[in-house]
Amino acid sequence: MNNFLTQEFTTPIISYFTVVLLLMSILITGSNRLKSIVKFYLLQSSCLVIITLIIGFSINNPETLRIAIITLLGKCIVIPLALNFVIDKSQANKEVVPIISPSTTVLIASALIAFVYGLSMTQNFGRIAYYPGLFNAAISIILIGLLIMISRKKALTQIIGLYVMENGIFALTLDTVFGMPFVVEMGISLDLFIGVLIMGVWTLRIKQSFDSIDVSKLSKLKG
Amino acid sequence: MEIILLILIPFITAILCLLPKNEKQFAPIQISGSLCLLLVVIKLLNNVIKLGVIKSFNNLVYIDAFSGLLILIIGTVSLLVSLYSADYMIKSNEEYSFPLWKLKKFYFLLNIFVLTMLTVVISNNIGLVWVGIEVITLISAFLVGYYNKSTSIEAAWKYIILCSVGIAFAMIGIILCFYAAIHSGGVESLSLNWDYLLSISKKFNPNIIKLAFAFILIGYGTKVGLAPMHSWLPDAYSEAPTPVSALLSGVLLKCSLYSIIRFTIIANESIGAAFTNNMLLFFGMFSIALSVPFIMTQNQIKRLLAYSSLEHIGIIVTGLGIGSPLSIFGAVFHMFNHAITKTLMFFTAGNLSLKFQTKDISKIKSAINIMPFSGTIFLIGALALMGSPPFSVFLSEFYIIRAGILEKHWVISSLFILFSLIIFGAIMYQTMNMTIGNSTEEKNNLREEVSKLGVLALVIPLFIITLLSVWIPAPLFKLLNRSVEIIHGKGIL
Amino acid sequence: MNIETKNIILILSQIIGLLLLSPMVNSVIKKMKGLLQGRKGIPLFQGYYDLTKYFHKETVISDQTSWIFSTTPLIVFSSTLTAGLFVPMFFEIESIGMFGGVILFVYLLSLGRFFMSLAAMEPGSGFCGMASSREMMLSVLIEPVMLLSLIVLCLLSNSTQIPTIITSLVKHDLTFPSISYVLAIFALFIISIAEIGRIPFDNQETHYELTMIHEGMLLEYSGKLLGLMVWANWLKQLIIISLICNLIFPWGIINKFTLISISTGLAFYILKILIISIIITLGETVIAKVRLFRVKDILVTSFAISVLALILVIQELGRVSMP
Amino acid sequence: MENNILLLEFSILFFIIGALFSLVLGLYSNKLGIYTSSIFAIIAALFSLLSSVNVLLHKNSFKIELPINIPLLTPILSVDPFSAFFIFLISLISISVSIFSIGYLKSESTKTSIPLLVFLYNLFLLSMILLVSANDALLFLIFWESMTLISYGLIISNTSSDESRSAGFIYLLMTHIGSAFLLFLFLIMANYSGSFSFESFHGVYKKMPDNLNLLLFIFALIGFGTKAGLIPLHIWLPEAHPAAPSHISALMSGVMIKTAIYGLLRVTFEFLNPNSYWWGVCLLLVAVSTALVGIIYASQENDIKRLLAYSSIENIGIIFIPISTGIIFYSLRLYDLAAISLVISLFHTLNHSIFKSLLFMASGSVISTTHTRSFSKLGGLIKKMPKTSLFFLIGVLAICAFPPLNGFASEWLIFQNLLALFNTSSNVIKTIGIISASLLGLTGAICIATFIKLFSGIFMAMPRTHLVEYAQESSKSMIFSLFISSSLCLLIGLFPLFTISLICPAASTLINLSQVNSAAFSNNQILHINNTVSGHYSPTLILLLLLSFSFLGFIIPKLVNNKTTTRKDETWSCGISPKAEFEYTPTGFIQPIEVIFSGLHIPKDFYYKWIYLPIYDVLNKFSYKVKTVQSGVVQVYLTYIFIALVISIIWVSL
């Protein structure tokens, strides 16, 4: 199939999905229930997969399919499953009192997005990307991920925050250097999996020794 | 050949460490393993010094003098650690009344830990380096949480979370770098190889490289423990079993630093040294400065050492930031010295806190009378660590200051001396409170204080740092000088 | 006769002169005091009677004491006498220049004082201890001032030899007497009174232990040891007096020895001594002994005076440029 | 020449061997360790003594290369007459101290761990000898620090006492502050000279901007002054000396603090070229006040070793007086006079080393037999330990500068030196010079009172406590070493010119004159200084007179009547049989002087309370404030990372 996905054709589609990506991360910041957070994460990942496919075919990169599949497996199946498993194990579904209330977090998140877009306009880092919108979105998603980790108390939410960051990074790779060399891809996704497992283990350990996964209890070591 | 062995030996040791039937059997396996490792390392270094650079496994492995130095550090420290833990881990296991499999787990993870660090320093692919460091984090987290107390779990958790975030940032840096590479006409398949990047780095887009460097510095800086990303460091060090703390501060820091430096070299090639130097200087001095108040008011022996590690990392980074051959020589030399000295300190501190059943400084009294050997060496080690001759730390710090003044960094050098004076005072005060003074407890004789291996573990590093203060052996000097050439372009000679 | 023998003769005669004259001078002062107070006063040779009496008496010393206690009188005696050689009576000895100047003079006196108060600590009697502690306090105040005032005089004549000072005062090319010189002498005079332990600083005749300073230190001495101590004290008194008088009236120091010159010199010398002792006596009769800690104020004042003198000296000599 | 090199190498070797052997044998048996270390030390010291004397006599100099291999460092020992003088001093003192330590350590062996002590002892001596002959700034620093550390080890050698802990800490901290300044000094000089070897430092001031050498001089003053114990940097001295074993305090006060003099003189005169007499004037003020304050503090002490420590501070002040006059003369280009002043200061350095070590050793033997340092608890020891008391008295006479002992010789010269300031043209210098002369006199007077207090307190009258009962005369070796030192006091006092002729080449190399005209000091064997307010002093003659006159005083009563009897009876104390309670206590003895100086007297802990403590407090408060940053909440830590990231991104985009 000779390339019908021209830049003109793909740009709008990509930008739609970009918006979805941003939206998902904002929703994650906004919501309280872990399960729903996981769902949003799932959605975000899956539209990352789609973006992968589109971009991949548009610059007809041979590795597209492989990357897409790995991502699908990792981000849309294994991680959400594992997270859900841990959530069930630790019977902790609701983020009770976050450090920063969801609404404020949302505001901050949008402020961040504004900041990033502004910065990229002045410095136009966007220049380096195929799709400037996606690039900016990626950066903002990374920051939002960090924001989530900062604003929440539950161990799990923090893990999810970390994965949102990973998504951001993934988006970044898509947009700048499509598909890094195979080894790295493998390595990265590998320790995403290891990561999630280990995180799960630690969450459970926290659960059993603090009988809750509320991280704010973990503040004995100071000074 | 050596390279394969280098990877193989720790692996095999790790496997063997799963076999033993009683706790006495770990020591011989572990020690012999790390001895062989050290031998291989020496052989390898010999080649490195002869050939200059070793590349193999179609450019997957790249060993030059600088990685050689790191390998040497890893080999030496891991040997010391094995010597020490032979005695210590048994005692502490008794203290916590852990089952045997805990020990197995410990030794297994220990070897894997070493293994990963080795892969990090010998691999040519910055992506692989990244993966390696991530893996190290995940493994060492288990070692940090070994005792399974609430505090140790907390420490481990913070360690994982913070470091993973840092690593994520590092990833961004790598991506940007890769991008820069392929957009300045680099071949994709090679564009993560360090040597290749270096060769084409002239053509990079400076803005992107700057951004990438910032991300890398923050990212790996978290792992290194540069202020203000250092927050996990004292917790992890204080909660981990002593041998692990020694490895963490002695080696792991250096490995992460190694990857920063590798990247700095590329950045310097493409955008000139000024930018990177300023950033390094800033973070270095900030780390030193931040360590001062915590050391002054510290009341826990291992946290004290942890913060002193923060200071020393600051010193090394400052040395790199000053950016003259001499200062860089000081920095790399300091990497080695700090590794050895800090290991020594952690060991002695471990002995003390095991004897007194507490990490609380105010509860440790008159150690030098109660356990003459460890107490004395603890005092001497503190002096050495604070950089007073005739110990090698003095030399490396001296070179850095000398370079600083030579490069007209008046303020930085003065602050440097001022801070190190305050820290000297604080740490010596704490140390003397712990070691000297009249005691209520009865003396116990040298025999039951430490085993022969324990003695070795303390005497060898002391000997090394004392020797290095008067006589730097030619091979080591070659190694250091070469690494300076690699980092700065020209050596001090 | 050659210079050596001449010097030796002169030195010997100085020694003998000091030894013989010192008891006399003391009793002269006492005599005059007695007359002034309307008593008959003591006979002029009382001093010699006392000494012979001391030398005949049995010596009783405390059983707490050691060799230091019993050798102290000798040391005090000899150090005082040695110091005495530096101060010309009425003839100058060239070779004295070889001995040492004012600094040595002061330090020899303080050597005597050191041993006196050390020995006073030995018997462990409260009175002696108190006395020696007070003596030390006095000496702490005296020494710097004495040095300073003497040094000022040295500067005037650019030499630390007392004979040289005196002779150069006569043939000094400065307008003489310069004010600085007068001030220095004044300071020195006050100090000397303190040095020889007379009213208002100390009272030689008191018999009340708690007020004794010098006498207090001799409390445990008896017999010939006491005799030596007393004699040494009189020697010191004579030396200081002749220092003062020779500085105030620097004339009449002879260096060629004919019968006439010797006799005139001697007569003139005795006259000077008399004048000084009259002044001292008058002072002692009109002034009362001051409280111990008031002594400080007087001596500090004289210190200030000599500093003033120093500054003036520097001004005056500023005109006469030096290398 | 060659044999000098050989001798010095031998002595270094012997020190090292002695250290190792004594450590090993000491672990085996204390006694053996003590003997080995002392004997080796004595032999080594003799070797170095010989070589240094050779150098001083023939005014030659030599170099030795050490087996040290580290970048930036030229491992060369070079012994020129100036260093040779200090080697001479070190070896001289260490011989007698080593002899002393044989007996002393045997009596002390219960308290401290002998093997470590003897091991460090030899290393200590070695480090000092290496220090004064180091020819490279980095090498100098290394030896300087090593000396500090070893002495620190010796101070805390009694590890089970809190006193030694605090003392050791203060010592370590203060000396390190000093060393920091030295580090700066050498680094800055190296910047201009291009290397660290002392040759390259010669005349480095020519390459510097103006007045930088003043700054460097101040650095040097602080750096070396800390070690020497200039006020207000002296606070470690009175703590460290009592904590250390007595033979070590003898070495520290006798020799170690003198190495600071060495350093200061070298740096000031060879590298920095004092070019304004104000340096000298200010230093003179510092010196005089140090001497005065030091002795006032000493006078109020009731602890033997603290008293001696304070008197060391006083003497350091006195040593600095001729140094500052030297600087004044040098800056006025009167090089001969400058050289003379240096000779004088070195001469007093030597004398102080001798009698101060004598005093410390003697008090050491008193302390080790009575087990107390506060001499208001003692008394009457002169009957228990007559020999010791005799030597102690000689030491006291020397330190109080009484003719004809060595103390007076140097102090007399210092007076003459101050008078020599009158030959300069500036009125300020004249005034200050003369007034400081009289203040020196004041110092001397207080010194006399102080030492009467000390001596009478220890040795005289009745024992005040039972501690004295079990006291006994100290062992042969101790007595012998005391004898050596005190005879040195006497000999140097009687024949100062020989010593001075040894010192002259040292001073002349420093100022690099061809030679000090030692005629300046002598006028046919009589101490005398040319071209000053003239003065003469002939110790031998004075001794002769004193002896003959005391004979006179002895013979006259005999002539009058030679059959008087002498009887001992108890002290008269108003009819009651005398008790120790009736005695005048040392405190009571000094009280009047205390009262007079209550005006200009600063409380002892002033420096600690008002200079050092506030700095500490500020730091501490600040630290506790900062400490809250590490709050233990992981989210906060994440925020830090976030902030750092944002900042650096902004930095990048700037």
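Just so it is clear, A, B, C and D label the chains in written order, and each chain counts residues from 1 on its own.
Definition applied: a contact is a pair of C-beta atoms (placed from the backbone, for glycine too) under 8 Å apart; a residue touches a chain by one contact, two chains touch by 3 or more.
Since this is a predicted model, take the numbers as computed values, not measurements.
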Chain located farthest away, centre of chain D as origin (C-alpha): A
Between the pairs A-D and C-D, the one where more C-beta pairs touch: C-D
Central chain (distance from its CA mean to the mean of all protein CA atoms): D
Averaged-CA centre spacing for the pair chain D and chain A, given as whole angstrom: 72
Between chain C and chain D, centroid-to-centroid distance (C-alpha), Å: 37
Chain A and chain B: spacing of chain centres that average the CA atoms, whole Å: 32
Chain B and chain C, separation of their C-alpha mean positions in angstrom: 79
Touching two or more other chains - residues of chain C: none
Residues of chain A touching at least two other chains: 123, 146, 149, 158, 215, 218-221, 223
Shared-contact residues (touching 2 or more other chains) in chain D: 627, 630, 634, 638, 641, 649
Chains that touch, pairwise: A-B, A-D, B-D, C-D
Chain A contact footprint on chain B (complex, rising order): 125, 127-128, 130-131, 134-135, 138, 141, 145, 148-151, 153-158, 160-161, 164-165, 168, 171-172, 175-176, 178-179, 182-183, 188-189, 191-192, 205, 207-208, 211, 234-235, 238-239, 294, 297-299, 303
Residues of chain A touching chain B in the complex: 123, 125, 128, 142, 146, 149, 155, 158, 162, 165-166, 169, 172-173, 176-177, 180-181, 183-184, 187-188, 190-191, 194-195, 198-199, 202, 205-206, 209-210, 215, 218-221, 223
In the complex, chain C residues that touch chain D: 51-52, 55-66, 68, 71, 73-75, 77-79, 81-82, 85, 97-101, 103-104, 106-108, 110-111, 113-114, 117-118, 121-126, 128-130, 132-134, 136-137, 139-148, 151-152, 154-155, 158-161, 219-220, 223-224, 227-228, 292-293, 296, 303, 307, 310-311, 314-315, 318, 321-323
Complex interface listing, chain D residues touching chain B: 67-72, 138, 141-142, 145-146, 148-149, 156, 159-162, 164-165, 168-169, 172-173, 176-177, 180, 183-184, 187-188, 190-191, 619-620, 622-627, 630, 634, 636-638, 640-641, 643-645, 648-649, 651-652
Complex interface listing, chain D residues touching chain A: 627, 630-635, 638-639, 641-642, 649, 653
